[in-house]
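What follows is a set of notes on a single structure, which appears directly below.
In this document, chain identifiers A, B and C correspond to the written order of the chains, with residue numbering beginning at 1 in each.
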Amino acid sequence: MRQEIWRVFSFYFFLRKKSPKTKAFFLLSWAAVLLALVIRVYNLTGNWTESGQVIFQNILMSFFLQFLIVILALFYGTSVVTEELDNKTLPYLSSRPLARAAIVIGKYLAYLTLTTLMLISAALLSYFILSLDRDFRLIDLWAGFRYSLVLTLGLAAYLSFFTFLGTWLKKPMMVGLAFGFGWESVIQYFPGSTQKLSIAHYLKSLLPQYTTSSGKLGFLFIRLEPSRPLVAAAVLFLIVIFFLILAALIFTYKEYLFED
Amino acid sequence: MTAIIEALNLSRWYGNVLGISEVNLEIQPGITALLGPNGAGKSTFMKIITGQLKPNIGEVRILGEKVWNNRHIFRRLGFCPEVDAFYEELSGFEFLFFLLSLYGFTTAESRKKAELALELVELTEVKDRQIRSYSRGMRQRIKIAQAIAHNPEIIILDEPLNGLDPLSKRRIIKLIKEFKGEGKTIVVSSHILPEVEALTSEIVLIHQGKILARGDIYFIRELIDSHPHMIRIKSPHFRQLAKILAGEDYILNISFKPQENVVIFETHHRDRFFNRLNELILGSLVTIDEITSPDDNLQAVFDYLVGK
Amino acid sequence: MATIREKGYHHWEGQLRDKPWNFWPITRTGIKLAFERRRFKLLFVLSFLPAVIYGVGVYVSERLENFKFMAQGVDKTLQVNPGFFRSYLTLDLIFFEILLLMSLSGAGLIADDFRHKAIQLYLARPLSKSDYLLGKAGVVMFFVGLLTLVPGILLFILKLLFSGSFKFFLNYPWLILSIIFYSAFLMIFFTAFVLLASSLSNNRNYVIAIMWSIYIFSNVLGAILRIIFHSPYSALLSLKANLDQVGAAFFLVKPPYDYPWFLSFLLLISFCLLAYVVVRRKIRGVEVIR
């Protein structure tokens, strides 16, 4: 099974890395780098005195966390199965000696790798653009990698959930949009345990909380009642595994008919 | 001889629409053709035997093993689907190469097999072009190539000759016959009798989800020949034409539509009828405005069989 | 190139002439197909909820004495004036509903034709590319108009009916024109937006992702730049902010951002023109054999 997953992974990583849509999403991800450059130049002119860490977390992480990873995961996750149905290429996979679960997991891993590369390259670069100065320490380097890890975990979790939606529903995009930009945007600000029903809550719980020069927390942390980091990481990891297994099971036993 | 493909009491429906019903079939090595009009159930049957669909009732076995979710079967089976669908951004070579890699072949093996398959379907010259730039015939051929590239024992081809020009059809027919000579089992579907005739003498007639008849091509041919054909001719000399042909022994019935200048002949020897008509036209004895055959021969045979 | 009228297999003795409403069958079919989807019907009905709420608001504003026991200060907040109408037509929820409905009924307008290679079928009829585009645009305009123009006019009429006089009209004689022109502006903008997105892919799921990405990304970017630069001009990057700014100008109320409204207007009009150019090129592209 591992070999089958690897074969599917290789196939789809090669196939999608050159596609125009991947290029478009790369550009979208790197909008953050452009933004970081603009902010840095503006900062250097003395117009703003916030530290790079604070700016990155309050502004760019909001962009990454609440928009980019959701849109990337939504687009790629729902595509794992639906693109084979829309393009009617499913027979080419299902008539090969591949476990159906291997197809889902292999594609998931291929898309996760692609999107992680897009995301992390943009995140790290924009972080360094904003944070690199004379006071840059090793701990700041670790902070950069920590952000990358959090984003990767978030991407993996969202991607897993949307992959599950794609295997289960005929039209997963609308439900995915409602979840990613509706539910997630709203529920994370609810008090008490309710906010724990969102993936964003656990991601934010893993982030270091910087305050602005006025002593305020960034708006990413408004109304956040963070979970313990270990618990948050475990929950996210469980989400990844749970929905991926569910997706693999559904794809293994479900029949898919083309819309003729 | 043990059947390679066994379908036992197979039924499949899509909501209220019947796909196939109570199909019992054993397929031996060689070429077996599934013949039937569009919507007969050919593709449904093929999708079930290739594990794309599950039957609602019954089971299908290939080489004694169940098909659904049995990925090991696919090492020995190749499937060419009917749909015209590809990973369009790949070149022909890449398409075959990567699909071969899914079997676990090494890079060198995959490359070699891909090139051999391209050679067999005569696409070597365009192997590095993207599939989206291929013509209809090339697309069909690359689809056949992906079904045969890994040298399977069993090849299932759903309407493989669709979209091919006459020369390509001949080449593919020749290729399929070569596979038969190698001892492979090939199942081909088509709705065009002459194509099937060129491929094999072993035919399964399928219509409205049921197997109507199975047997030799000549048996089917006789059924068609014994069933009268209707030929409708519009001509200013329709009465003269009727007068001339009424004396021929292969004319069973003549009827008229005088307001339209139309005469309708019923005959069970189409070839002799048209030969005689050609003589009349070339001898300037009649002029013809329009010739049509109101009944589709294959449909007529099926109607005949269903009525039987 | 002249539209195809002369070719055919049957002789017809009548006169061949251009019809002014060539695009209408395309629009009619698009609307019909939209209503064949169950989810669309449900969402469509729910989309009128804001209009109903605002309608209730109009009623309450005329019967404030009866409702004063329910809320203190309601007379101050519930004033039906140009700002009231502007606030309805620039509601976040209205734009959200438009995008939602267009995800179901507008995303595939051109994308599906690309996928099924149907554009050549359209253009092999006596239809020009403009007819085709007008037909598709008609579908979007129909639904956007139903959510903006129709409720806007109905709310205006309701106000006149509930107030029992034409005083409201005499106070704001230009208001009905503001409703019509701003609704028309929204119809044109969303038509350009949806058709542009639909022409960028042959997969309607990608089109939906593109539509939402552009809309949300522009708003997020505008917000981020506002925080960084503390400049009202940052709002020019946000589609929603631009629509708000133009809306305020149409209704002669104080604009939400401190920069000239015509900048937003020009930006949105340029966007529409760019969309038109791109869509036309994409459609023309199907005639090019590579």
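Simple rule for what comes next: a contact is a pair of C-beta atoms (placed from the backbone, for glycine too) under 8 Å apart; a residue touches a chain by one contact, two chains touch by 3 or more.
Predicted model only: the values in this text are computed from it and were never measured.
Counting only C-alpha atoms to place each centre, which chain is farthest from chain A?
With centres defined by C-alpha atoms, farthest from chain A sits B.
My parser should flag the chain pair with the most contacts; which pair should that be?
Ranked by contacting C-beta pairs, first place goes to A-B.
Could you tell me the distance, in whole angstrom, between the mean C-alpha positions of chain A and chain C?
Here chain A and chain C have centroids separated by 31 Å.
Which integer distance in Å separates the CA centroid of chain B from that of chain C?
Each chain reduced to its C-alpha mean, chain B and chain C end up 50 Å apart.
Any idea which chain C residues touch chain A in the complex?
39, 100, 103-104, 203, 205-206, 208-209, 212-213, 216-217, 220-221, 224, 227-229
Under the stated contact criterion, what part of chain A meets chain C in this complex?
Residues in contact with chain C: 21, 28, 31, 35, 38-39, 42, 48, 55, 58-59, 62-63, 66-67, 71, 74-75, 78-79, 82-83, 86, 171, 173-174, 177, 181.
Along chain B, where are the residues that touch chain A in the complex?
For chain B paired with chain A, touching residues are 14, 50-54, 69, 71-75, 77-79, 81, 83, 85-87, 89-90, 98-99, 101-104, 146.
Considering the complex alone, what residue numbers of chain A touch chain B?
3-4, 7-8, 10-11, 14-15, 18-19, 87-100, 252-253, 255, 257-258
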